Structure formats: C-alpha cells, structure tokens
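What follows is chain A paired twice: with chain B in the first complex and chain C in the second.
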Partner chain A sequence: RVGGDGKPEKFQPPPKPVIIDRQKQRTERRFLSPEFIPPRGRTDPLKYYMERKDMIQRRKVFNIPEFYVGSVLAVTTADPYANNKANRFVGICIQRGGRGLGATFVLRNVIEDQGVEICYELYSPRIQAIEVLKLEKRLDDNLMYLRDALPEYSTFDVDMKPVSRLDHEEVPVNKLQVRMKPKPWSKRWERPKFNIKGIKFELPESKMKEAQKWSQPWLEFDMLREYDTSKIEEKIWKEVNEELKK
Partner chain B sequence: RGLLRRSISHSFLSFASVTGACQAIQKLTRVRVVDNSALGNTSYHRPPKCIHVYNKTGVGKVGDTILLAIKGEKKKALIVGHKMPGPTMTPRFDSNNVVLIEDNGNPIGTRIKTPIPYILRQKEGKFSKVLAIARNFV
Partner chain C sequence: MMPIWTKSGKKHAVTLLKVQDCHVLRYISKEESGGKTAKLLVGGKNVSPFSKPESAHQIFKEVGVPRKQKVATFNVTDDAIIKPGTPLYAAHFRPGQFVDVTAKTIGKGFQGVMKRWGFKGQPASHGQTKTHRRPGAISTNKASKVYRGKKMPGKMGNVYRTTLGLKVWRINTKHDIIYVNGCVPGHTNCLVKVKDSKLPTCKEHNKNPPFPTFFADGDEKLPEDLFDKEIFQFTDPSVTY
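Let's look at the complex of A and B:
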C-alpha cells in the first residue's frame, strides 16, 4: 500500500479480538437431582447415605442427564418381549417422585389418539439410555393436569430430533398456559391446594371465587411445616461431586 | 368417544354422580373397544360393559379375558390396557382398552391401531393372533 508520502506505510497489525469468557463470568450453574435430598422425617440419615453411595456408583457407570418436569425425554429400556430386546419411549416428564434409589419419573405421550404414561425408575438396571430431547422447565412442578388438557399439549413426535442448546445458558422456563377439556376433570385443578399456574382457566368468575373457599392461607406461615434444604443441599452437593470425581 | 360420561347427563339420572372410569376392569366397567370390528365400532345407545372377569379375583388386568355386553350380545374380550397404574416400566393408558375375541382366542377385528403393551407377548401361545394384528407396541 502506498500512503500520502509515496513511501510504503508501516504495517499496522489488525486489532486483537477481545475474548469475553462468559462461562467464567456467570456463576457456576449447579444442579443437584431432587432425589438426593432426603425427605423430612425420622429415618436414620445412614440409610440415605448408603443409598447415595449406590446412586453415585450407578451414575459413574450410566449417565443420568439433568432434566426437569416439562422436558421431553426418550428412554430406551431392556425388554425381553420387544423385538431387538430394546423398547424406546418418548414423552414429556410430568412428575418426578421418590427419594434415593427408588426415584421415579413419569413420561406422558399421546400415540394414535391414546394417552400413554409410563413410570420409570431412574436407577433401574433395565434402563439402557436416557436422552433429553428438549430441556426446559414449566410453571409447575407437577403436570398431572395434562391428563385433562387437550391432547395436543401432550403429543410429541416419536422421531423428534434433540433440540440443541448451549451448555452455560439458563434452563428456559416455558410459560405456556394450557387449555383444558370441558369439566369434569380427574382433580379440581382450580383449587388453591394444587397452586397451578400453567392452566388457562376459562371458568366463570363465580366458579373461581368458589374454589378460593378451600384456600388455606395460614399454611405458608406454619413453622412446623418448614423444611429448609439449603444447608443439606450444600453438604450433599460437595459429597456427590467429590465421589463422582474419584 | 371418550366422552361417554358427558352423554349420560342427558338421561333422567342427571343429578346422580357419575363415577370416573374405575381403575382396573371389573363387573360393570364401561370399556373402549379398540379394534376395527363392526361390533365394536357401530354406535349403540349403551356403552359396552364388562359383565364377568375370567379370573380368581374379579379384577381384570392386562392379558385377562372378560365377558362384554355389546349391542345386546355377549362377547368375550381381551384387556389390552387400563387406567390403573400397574408395575413400574409398564404403560398406563388413559382409557380401558379391550379387543373383541372369539371363544378360541381368535380376534374378530383385523387391525388394532392403538398401542399395545409389550407385556402381552408373554402370553404368545394363546393370543398370538391378536398380537399379529396389532400395529403399535409400547
């Protein structure tokens, strides 16, 4: 290049790209599976400690991914009666129950206009693979109301491709409000005891007011029902991470 | 078709409570016929009901035969899915499904579109023909 002087200009190197490492900037995202947290009760913590050791052993051999209620999973189980001895089921997780080795999760899907739900045990040796096709959370912890919702909200394609997402992003919360079939429902989901945020209630105002009659506003202030798990979670998180690294 | 309970309110018993479809299949449960037989698919003013369960206990689970009252006739049927949650890893259906069968175990219909649990393959000998006409397995 020839500048204004007629002499070649001094070589200017291009500006260095500034790499902002967002991974280190954001706080480390920690996910402890809910079945590690022991329930409130009088059982000996030794039982839960022994179960945790077995759970960590299983996790070393078999990868149980992070998932929440509302994510779409594909589970392959070993089945002596299926062709190829393996049975694949795709569905949305509607409930995660149980603590310790007996932890379960229920997947729901609608196949050929027939709603099917299967309850799987997370630590069962029959499970060969758990794949998360879509990782997301919903407004509620329990999506049992999908049984009384229109079937379109529970249908998921069996050959769905996994939805790609970046590792360090926050888990998206799907604020979907589901439309229901006409009443009667299996449970009265409008009652405050279920505290459901994910339904678009199209009921008249009088019915919604009547449902509030069963509200128990004193429950949130009941000190005997308090169960603060933050300290227990910290301890278990450290324990689980140390064991997994070995 | 799944809204049988709504149709009952039109009768004079509209004030009476209609029980939700009961969990496992026993006498007087209304069932849903899932094959493509003429008897199962033509409409009638009364839904098909179970009148006997061929079992020591009167409760029918997947793989049990029952006696059905359809269109004023008695017909045997095989239970292929119920609303009651069973052992873990087995599917639970949203309706009580049933396949019409002859006395010797031959199905009356020619195709079953709704998914059938793999557990039925255990009874290969007796119900092999029913499994042969099934399309989807769960």
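Let's look at the complex of A and C:
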C-alpha cells in the first residue's frame, strides 16, 4: 500500500472487536437480603411492614453490602474501651441468622492460633462500616463445621486487601472441600440432617453407611413443611427497591 | 417483638401493640357502679355481629358502633370522663410514659406440678419407683387435712395477668401502634388492656398525658412517629463514643 507521501505504510492491524454481551448485562442480579423474608407464622404482616420500614431507613443512611455465607468481611464497630474508639474485625461469614431488625451474622477468624467468632447485628447502630473483602458463596448455607476443620481453612489475613470483581458477574461458588481434624467433632457433621457438601470426609465407608441410618427421606416430600417464598420475595424486592431509590 | 437501640448503643426488646377500632361505649357514674370512682366501658377490635344474640348488641347500638370483640372497664376520675362514642387512638399515650398491660396468658392445659408450680420432683434413678414428677407429701400428720389452696396439678394459663411498669418507647400515629418495653402476657395477636401504670416510681413520668384523651379531629397535628428522647432513630448516623 502506498500512503500520502509515497512511502509504504507500516501495517496497521485492524482494531480488536469489543464484544459487549448485552444479554448478561440486561439480566441484572436480584439480591434480596435473607432477613427481609418474613418467617412462616400467624403474625400480622403489618408488624413485618413496620420492621421493613425501619430496615430500609437504616440502609439509606448506612450501606449494608450484599454478602453470602462464605464471603470474607471486615466490620468496624464503635467500642468505648478501644484505642481509637473503633474496633476492626476481619473474618469469614459462617452463619446468617435472624429475621427483621434482629438479623445477625457470625464472622470467624483464627488470630494467633486462637479461633475467634463474633456475632454482629446487621442493624445495630454501633457498626461503623461493613466492607466485603471477598464476595463468594460456598457449597453450604452454614459453615459451623469450620470449628472442627483444620485451622488453615479459617485463617484470614487481618490486613487483607479487597478482591476486585466486576459488578455484573455472577457470584463465584467456591467448591472447596474442607479437611477436618480427627474426630470427635462438636456435631456429627457426616449425618444427613446437616446435608453438608463442603467437607472431604475421610471416614471409613462403614461409618458413612451408619450415618445414613439417621436419614429422613420423607422430609423432602412433606407438604406441610413447604414454604414457597418466591412471590413474597418478588413483592418485597419491588417494595425495598422503590423505597431505596427515593 | 422487635429490637430497639438507645443513643448509648444498648439494645432493648420491644412489643408492638396495635390500637384497633377502640371506642368508648358507656359511662357509669360513681353511685351507679358503687365503687370509689366513675367507670368507662371501652370496646376494642370490630367483629361480626352475627355470632351473638340481639340482646348482646344493646350497648353497641346505643353508641352506634359495630360489635366489639372485647369490652374492658377503666376506673376514671370525674375530670377524665369522655363522651361515649369517641374513638380512642394510640396517641393517647406518649413516649416516656409507663404503662401496665393486662391480658389472658397462653393456655397450657392440664399441667403437672413441676411445670405449673415449679416443684423439684424426684431424682431419675437411685431406686425411685414410678416417682419422678410427683408432688410428694401434700400435708403434715398433725394437720390431718389438706389446706385450701394447696399447689396441685390443674389447668395452667388462660388467666388474666398484668405486667407492671412497662416503658412506652415509640408511638406510630398513622397505624396506631404503641411500642412497649419488654414482654407482655398473651399469645401473638391477642387482645390486651393497656392502662397508665399504678407504680409509685412511675408517677412522675406519667405527669403530662394528653387529657382526657387524644382527639383526632382536634387542633393538634402530630407527626407520624413519636420517639422517646433516648431512642436511636434510624435517620441518625451510627453511634460513636
């Protein structure tokens, strides 16, 4: 090819095509924090409505990020007896309990070879900041078995930097199978009632078979235990989003 | 029940009580009732009139109000008499007041002596023959009778009981909800009688109530939520020390 001044031009490669996956960006992730979903019972829905109003009011002033059981969080609370009047704790969320304003989450970490678990209330006014250092899910909803697992699975660096991630990506599921300390454990985690997927059981086959004796296979077909929250979740999600946008 | 935080960061548990269609039904004068003070009959929660005979509707027809599920009597001084037919609202109480709450406790049915009266029972082993939760001896030899009122098994619960001295933390005027400290007798959604506290330590906190009651058609316009001074409101930033 001959350019403007007669000399052969250097080869310019064509511009790389930018692929914008519009479908992925369109289906925005809907995350409704589990404490908004009312439990099944005979209480007047007005009570849950009043609680939700207070929860939304708190969320407008203070940012409570999206997190799951298995994500690493750093929480700063106001403490009258600490040096800077503030106390920072980093840990993995092992359990999210409670509904409404009393919702709690338990963070676990191993500091100087001592396992420490702290239960924080999401809506307590003493919490100054909640940062998600690593957002991920695990195979179970409840990681209490980390107490009987090797301590390396519960140690997290206190000065850990937040792991960067894109907004519209799906939350990664960490399919880690944890190795346990020798038995006895605080709970018999091999039993089917806990339904744990995230432990690498190194027990003999006979023990695993004996644990299956306590299985209750009729439970999944029990219609009285069914609690379909999909419609409730949709209504509450719409309500919460509208209020938060105001 | 719900948690509530104070400005110092302490948490308290709070019960929500809803004031649902309360109307004053009748005024009974001191001489008529034969007591020391005049009485006012107040009815709560509207209910269908078809499950009771016509004679039971007399009180409600006089006032022009639908049939109420529960009717309670309040002893009132002569300057606090209200005309029958006026609706009563949650704004009758103000945050910072102290309140007594009366209701029927949860019925537990026929219960043994250990659950009903807190007896210790007998040991589980060491030769006890068929005796682990029994009352044991019920009287002495000299008495040669059992005294009246001896604690024995029987129907437990479903009795009127009062919790005294409960602080009112917050009032919602739009939905007529009173947030009362601590727990209250009765199951969820049961009907409850709320009075000003009779405790002598709470007298000075109950000094300036809306007297005789809060009238909705009056001049006073209240905000939607009334809070106690100590409460942490969620519009404020987080608590620091």
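Structure notes:
In this text, the second predicted complex is superposed on the first by the 221 of 246 C-alpha atoms of A that agree within 3 Å, B and C clash if a C-alpha of one lies under 4 Å from a C-alpha of the other, contacts with A are read in each partner's own complex, and residues count from 1 in each chain.
We take it that a residue touches a chain if its C-beta (ideal position, glycine included) is under 8 Å from a C-beta of that chain, and two chains touch if they have at least 3 such contacts.
Bear in mind that the values here come from a model prediction, so they are computed numbers and not experimental data.
Aligning the two structures on chain A places chain B and chain C next to each other without any clash.
With both structures placed on the common chain, the touch criterion links A:244 to neither chain B nor chain C. Look at A:184: by the touch rule set out above, it reaches chain B but stays clear of chain C. Shared-chain residue A:50: touches chain C; no touch with chain B.
By the touch criterion stated above, A:87 is placed in contact with chain B alone, chain C being left untouched. Applying the stated contact rule after C-alpha superposition, one finds that A:150 touches neither chain B nor chain C.
In the superposition on chain A, contact is made by A:124 with both chain B and chain C. In the superposition on chain A, contact is made by A:115 with chain B only, not with chain C.
Residue contacts after overlaying the shared chain place A:219 against neither chain B nor chain C.
In the superposition on chain A, contact of A:173 is made with neither chain B nor chain C. The superposed three-chain arrangement places the nearest Cα atoms of chain B and chain C 10 Å from each other. Across the two superposed structures, the residue set of chain A contacted by chain B and also by chain C is 79, 121, 124, 126.
The part of chain B that touches chain A in the complex is made up of residues 5-6, 20, 34, 81, 85, 88-95, 97, 113-115, 118-122, 136-138. Per the touch definition, chain A reaches chain C in the complex via residues 41-44, 46-47, 50-51, 54, 57-58, 61-62, 78-80, 85, 100-102, 121, 123-128. Looking at the complex, you find that chain A touches chain B at residues 77, 79, 81-82, 87, 89, 104, 111-121, 124, 126, 147, 182, 184, 186. Taken together, the chain C residues at the contact with chain A in this complex read 2-3, 5, 9, 11, 16, 18, 172, 175, 177, 188-189, 232, 234-241.
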